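For reference, the structures are reproduced in the following blocks.
Two complexes, one shared chain (subunit A), two partners (subunit B, subunit C).
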Partner chain A sequence: MTVLLFFMPMFMFLVGTWIYISKRKHLMNMLISLEYLVLSIFMLLMLVTFLMGLETYVSLIFLVASVCEGSLGVGMMVGMVRSHGSDYISSFNVLKC
Partner chain B sequence: MNLYFPPFIYSFFLFTGTMITVSSSSLFGAWMGLEINLMSFIPMMINSENNKKSTESAIKYFLIQAIASGIVIFSALYFYFFNSSTLSQVPNMLITLALSMKLGMAPFHFWFPEVLEGLNWINSLILLTWQKISPLVILSLFFYSKILITLALTSALLGAISGINQTSMRKILAFSSISHLGWIGGMMYFNSSLWLDYFMVYSFTSFILCFSFWMLDLNYFSQLTMLKNLNAKFIIFINLLSLGGLPPLLGFLPKWMAMMVIKTSFPILMILILSSLITLYFYTRLCFSTFTLYIQSMTWFKKENSSMKNFFLLSILTFFSIIGIMPMSLLYL
Partner chain C sequence: MMINTLMIMMFMMNLIFLFMFHPLAMIFVLILQTMLISIIMYSITQFPWFSYTLILVFLGGMLILFTYMSNIASNEMFKPNLKMMAPLVLAPLITIFMMKPKQSLTLETKISSSNQFSNLMVLKPFSEAIMPVTLLMASYIILTLLTVVKISKMSQGPLRIV
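After this line comes the complex of A and B, so read on.
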C-alpha cells in the first residue's frame, strides 16, 4: 500500500510535466500545469512528513513559496498581455537564436 | 553611463537567496534559496520598463527555472523513499539533470542565449555569474558522476561549436559561459573543490567584459569594427582572449588548474582542451577582422564619441587581466 502511495505523486508529477511541455499554446495553460506540479509535490511532501513522523510546518513554508511563485507567474502574464497583446507562447519571436 | 537602477532593492534578496542556499543544511532550505533567487531576479529583469524583450526573457527564464526547481524539490523528497533500494541513485540522477537545467548545461542550454539576449549588461552579468553559484553548490554536493561528466563534455563541445557563428556579444558570452560550465563540471567530476576558484576567476573575467561592453555601448560585432578608439579595441580583445583562456592572460589560470585536476583522465582532458581551442579560434577570428579591416569613419559621428568614458578604470581592470596570472599562480604553488 505504501509503495503505491509513493508512486502516485510520481505519476501525478509525470502527467503534470507532460502537460507543461506539450500543451503550451497559452501561457495560462503552462501556469496552471505548474500549479498542478506544485500540488503533486505538496502531496509528496505531506506523505513524507506523515510517514517519517516529522513536523508539518514545512508544508506551510512550501505552500507560501510556491504560491509566491505562481502569483509571480500570473503577474508576468499580465505584463506579457500589456506588451505583446495576448498570452500566446508562439508570440515570443523577438529573441530567437 | 547611468547608475540609476530602480530594482536595486531586489539585489538584497538575490544575495540572501544565494546565501540561504549555500549555507542550508537540508535540501529543502537549498530549494527555498533557489526560489528566493528566482523570485528576486525576475523583477530585476523586467527593470521598471515593460517592453517586449524584457518580458519575453523574463517569462522564458521563469518557466525554465520554475520547472527545474520543481524537479529539484521532487527528487529531494524521493531521497526519503529510495534510500535503501536498488533505485537509490535515481534522485541523484534527477537532481543532477534538474540543476544542469537551471544552469543551462548543454542538452538544456537552449534557453540561455535567448534569455541573455533580452537583458541589459548588469543583469547579464548577474545571470552569467551570480545566478550560477547556488545551483553549482548544490550540484557539487549531490551529483551523479556519469551523468555529470556526460553533460560537462557535451556542454564544452556544444558551447564551443555553436558560438562560432554568433555576432551578438551577449550570445558570445552565453556560449562561452556554457563551455566554461563544461570545464567546471569536469572538475567537479574528479571531486575537486577547485571548481570554486575556476568560477571566481571566470566571474572576474566576465565582469570585466560586461563592464567594458556596458561602458562602450557595444551590443553587436558590427559595432566593434566601427570603434574609432584603438585602446577600446585592445581592452575588449585582451579581455575576450582572457575569457577564452589564452596562456599569458588571467583566464588561462583556471584552465591550468583544471588541467592539473583532470590530468588523470586523458580523453576528458582532450575533449575539454579541444573545445577550448574552438572557442579561442572564434575569438581570434573576431580579433583579426576587427584589427585588420578598414575602419569606416562616418562623418555624422559626434566628436565626443571617440573619447572613452571611464578609460582609467577599464585600463586598470585590463591590467589585472594581463598580469594577473603571475601573483595568482604564486598563490597555488
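After this line comes the complex of A and C, so read on.
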C-alpha cells in the first residue's frame, strides 16, 4: 500500500512533465502543467516527511514559493498577451511592430 | 476502503489529464486533483490544516487567475475524444492489481491523533525556531505581489485580442 501511495505522486510528476513538454498550442497549457507539477511535489513532500516522522511544515514553505511562481508566470503571460496579441506559441517568433 | 477508491480516482484523473488540450479542461482536472489530494492527505496525517490550506490556495487563489486568463485568451472548441474512455476502464484494473489487501497506515497515525495537544500543532510555524522562515515567506509573498502589479501595469488599457 505504501508502494502505491508513493507511486501516485511520482506518476503525477511524470504526467505533468509530459504535458509541459508536449503541448505546443497555448502558453496557458504550460503554466497549468507547472501547477500540476507543484501539486505532485507537494503531495510527495508531505508523504515523505510524514512517514519518516519529520516536520510536514516544509511542504507549506514549498507551497508558498510555488504560488508566487505561478502568479509571476501569469503576470508575464499578461505582458506577452499585451505585446503579441494572444498566447499562441506559434506567434511568438512572428515579428510585428 | 476509502483510500482505495481515492487512489483509483486519482489515477484516473492523472490519465485523463494526458488527453486534455484546452486550458479550461486542464484547470477542471486540476481542481479535481486538488480535492482528491486534500482528502488523501487528511486520511493519512489526520491533520486537516494542510488540506484546508491547499484547497484555499489552489481553488481560491491561482485557479481564478488562470480561469480569467483562459477566458480571455483561448478560442477553441471542446471536442469529445474517444481515446479518453480508456482511462476509465484501465485505471481501476491497474490499481486493483497493484494493491495488497489488509495493509493500513493507522500505525503511524496513532501517534499524532491520540495526543491531547494535537490541536496546538497549528502554532508550530510561530515557534521560536521556525518563525524567521514564516516571516521570510510572508515577505516573499508581499514582494511577489508588488512585482506582479508592476508587471501587469506595463501598458495602459485592456488586453488586446487579435
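Criterion: the second predicted complex is superposed on the first by the 93 of 97 C-alpha atoms of A that agree within 3 Å, B and C clash if a C-alpha of one lies under 4 Å from a C-alpha of the other, contacts with A are read in each partner's own complex, and residues count from 1 in each chain.
Quick note on the criterion: a contact is a pair of C-beta atoms (placed from the backbone, for glycine too) under 8 Å apart; a residue touches a chain by one contact, two chains touch by 3 or more.
Fair warning: this is a prediction, and the values are worked out from it, not measured in the lab.
Partners subunit B and subunit C, brought together by superposition on subunit A, fit side by side with no clash. When both complexes are overlaid on chain A, the residue A:85 reaches subunit C alone and has no touch with subunit B. Taking subunit A as the reference, the larger set of touched residues comes from C, when subunit B and subunit C are compared. After overlaying the two complexes on the shared chain, residue contacts for A:8 are found with subunit C alone; subunit B is out of touch. Of the two partner chains placed by superposition, only subunit C is touched by A:19; subunit B is not.
Of the two partner chains, subunit B is the only one touched by A:34; subunit C is not. By the document's definition of touching, of the two partners only subunit B reaches A:44; subunit C does not.
Contact with subunit C, but none with subunit B, is seen for A:55 once the two complexes are overlaid on the shared chain. Put simply, subunit B and subunit C get as close as 7 Å, counting only Cα atoms, in the superposed view. Overlaid on A, the two complexes show subunit B and subunit C touching the same residues of subunit A, namely 51, 61, 65, 68, 72, 76-77, 79, 82. Contact residues of subunit A toward subunit C in the complex are 1-5, 7-8, 11-12, 15-16, 18-19, 23, 25-26, 28-29, 31-33, 35-36, 39, 42-43, 46-47, 50-51, 55-57, 59-61, 63-65, 67-68, 70-72, 74-79, 81-82, 85-87. Taken together, the subunit B residues at the contact with subunit A in this complex read 28, 32, 35, 38-39, 42, 46, 50-53, 55-60, 62-63, 66-67, 70, 73-74, 77-78, 80-81, 110, 113-115, 117-118, 171. On the subunit A side of its complex with subunit B, the touching residues are 6, 9-10, 13, 17, 20, 27, 30, 34, 37-38, 40-41, 44-45, 48, 51-52, 58, 61-62, 65, 68-69, 72-73, 76-77, 79-80, 82-84, 92, 94-97. Every residue of subunit C that touches subunit A in the complex is listed here, in rising order: 7, 10-11, 14-15, 17-18, 20-21, 23, 26-27, 30, 33-34, 37, 40-41, 44-45, 47, 50, 53-54, 57-58, 61-62, 65-66, 69-70, 72-74, 76, 95, 98-100, 103-105, 108, 124-125, 130, 133, 137, 140-141, 144-145, 147-148, 151-152, 154-155, 159-162.
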